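So, here come the structures, one by one.
Each of the next two complexes has chain A plus one more chain, namely chain B in the first and chain C in the second.
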Partner chain A sequence: MESLLDMMGGLLLVAGAAFLLLGGLGLWRMPDLFNRIQAGAKTTTLGTILILAGTAFLHPEWGFKLLLIGLFLLFTNPLSSQCLLVLLIVAVLRPHHKQPLIYLLILYQKKINQKSFLLKKKSRLKKRFLT
Partner chain B sequence: MSSKTELKPKMRDRAVLFATLLLFWIMLNGTLAADSLIIGILVSLIITILFCSGLSFFTEFRATPQAFAAGILYYIYFFKELIKANFRLAAIVLSPSLPIKPGIVKVRTKLKSKMGRLMLANSITLTPGTLTMEIEGEWIYVHCVTVESTDIDEATAQIVAGFESYLEVMYG
Partner chain C sequence: MVEALIALAAILTGIAFLFALFRFIKGPSTFDRVIAFDVLTVVSITFIVLSALIEKRGIYLDVALVYALLSFLGVIAIARYLEGRF
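== the complex of A and B ==
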């Protein structure tokens, strides 16, 4: 019985670590800020929750506290990534434009959608993978 | 608008916030000893006074059986979507061609309460390929990794509708 719990806990820990690793890979591979934050927000939440669950299997007496920590993460993690995104855009674009935030967001997107911008990024990525 | 009607819901929110904080403190400590309880009450009181407009888990929660049932269904649906989101992201990240088509979509929500909107925004952030950027009244600006449609109604049906049906019962 105990070894089964240990095995489940170990599997969950490995799965959580794998998702966190994929998140890191996403941060590196994604072409722009928005997509990078997307990669970060999703994988860190599930990865951390899986690691907490794995710990709960290994130490059942901590289960309740780990559940509370998981709940807290579930509420704050997406919020923090959203705040980070808005603040980054304010820091990058606000000094040059005095418009409301949402116009800045759209402006930023237009900048990304310009073909040259994306192509430059793509060729840089290709170089990185080929050499 | 008299000040009395304005004050009442505010006091209720504060009481709810205080109770939630104290409950969390007691659950994290795992004891009901006098000294830890006194510290918990003091800290909860200070936080409640300082951040009186803050939200807590049960702010504006409708305490009806339907709301609790919807809450459980909501979490089941939420975890399903979260796992789906992670696998989709993993597929995108691991494929050599990086198949993304990013863009910003504007969607509309029917939810009125602050907590409901917060939960909706968080849920959208954690669902496949979408990230909440800004809420402006009933409009939510969502960044998508792969844009499927820029039409407001279609995008609303795709992104918001699944969570909204549960949250509407829970918070309104």
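== the complex of A and C ==
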């Protein structure tokens, strides 16, 4: 029974490492910045979570810490790569290329942010008046 | 058998680390380097977990958790700085 758990853990470790290897290969071979962000973000998230799962199979007493690390990575890794993508759109594309669709998307998002901010302010004022 | 699988996983992760490091060194623009840095931190978290597995010490996982937190903050700080420059 224990050897079965060990084998499953080892196979999960190798699968996660293979995904990390694919991510590194994509980062090295992809031609464009956007492709590199995609290759770097998705594969590293999946590979790291697979390796954490394999470690949890091999040592079940470390489960809580591994779960904590996995949850943290699951929340922060897409967030950081999305932050990098927004940085890329704002800093790289706007001055040089001016691709119209993405430019409009940025403007639309800014407008939505302003509108929601104004709505929040209004509702806060209403609450203050009512109470 | 399990030790061989762990060693294979460590070797594959090392090759991935080398690929990301090549991109980090060569990268034509700053953004390539930031993306490669993001990948490098995640791969090194994996390395810390694998070293905890090899050494059979659970205390290394705390190091991995703190490193994950700090690397996330570092990437966000670099992104904000580069965004505010323009």
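Here is the rule we go by: the second predicted complex is superposed on the first by the 88 of 131 C-alpha atoms of A that agree within 3 Å, B and C clash if a C-alpha of one lies under 4 Å from a C-alpha of the other, contacts with A are read in each partner's own complex, and residues count from 1 in each chain.
Here is the rule we go by: contacts are C-beta pairs under 8 Å (C-beta built on N, C-alpha and C of every residue); 3 or more make two chains touch, one makes a residue touch a chain.
This is a predicted model, so every value here is computed, not measured.
Looking at the superposed arrangement, the partner reaching more residues of chain A, out of chain B and chain C, is C.
Using the contact criterion defined above for the overlaid structures, shared-chain residue A:17 touches chain C, although it does not reach chain B. By the touch criterion defined above, A:38 lies against chain B but remains apart from chain C after alignment on the C-alpha atoms of chain A. Of the two partner chains placed around the shared chain by superposition, chain C is the only one that A:7 touches, whereas chain B remains out of contact. In the superposed model, A:46 lies in contact with chain B only, and not with chain C.
When the two structures are aligned on the shared chain, A:65 is found in touch with chain B and with chain C.
Contacts of A:78 after superposition: chain B is touched, whereas chain C is not reached.
Within the superposed three-chain model, A:87 lies in touch with chain C and out of touch with chain B [touch as defined at top]. For the contact definition in use here, the residues of chain A common to its chain B contact set and its chain C contact set are 23, 25, 37, 41, 45, 65, 68, 79, 81, 86. By the touch criterion given at the top, residues 6-7, 9-11, 13-14, 16-18, 20-21, 23-25, 27-28, 33, 36-37, 40-41, 44-45, 47-48, 51-52, 54-55, 58-59, 61-62, 65-66, 68-69, 72-73, 76-77, 79-81, 83-84, 86-88, 90-92, 95 of chain A touch chain C in their complex. In the complex of the two chains, the chain A residues touching chain B come out as 19, 22-23, 25-26, 29-32, 34-35, 37-39, 41-43, 45-46, 64-65, 68, 74-75, 78-79, 81-82, 85-86, 101-102, 105-106, 109, 112-113, 125, 129.
Those residues of chain B lying in contact with chain A across their complex are 24, 27-28, 30, 57, 82-83, 85-86, 89-90, 92-94, 96, 98, 100, 102-104, 118, 121-122, 125-126, 129, 131-134, 136, 141, 143, 145.
Touching chain A in their complex are the following residues of chain C: 1-2, 5-6, 8-13, 15-20, 22-23, 29, 31-32, 34-36, 38-39, 42-43, 45-46, 49-50, 52-53, 56, 58, 61-62, 64-65, 68-69, 72, 75-76, 79-80, 82-83, 85-86.
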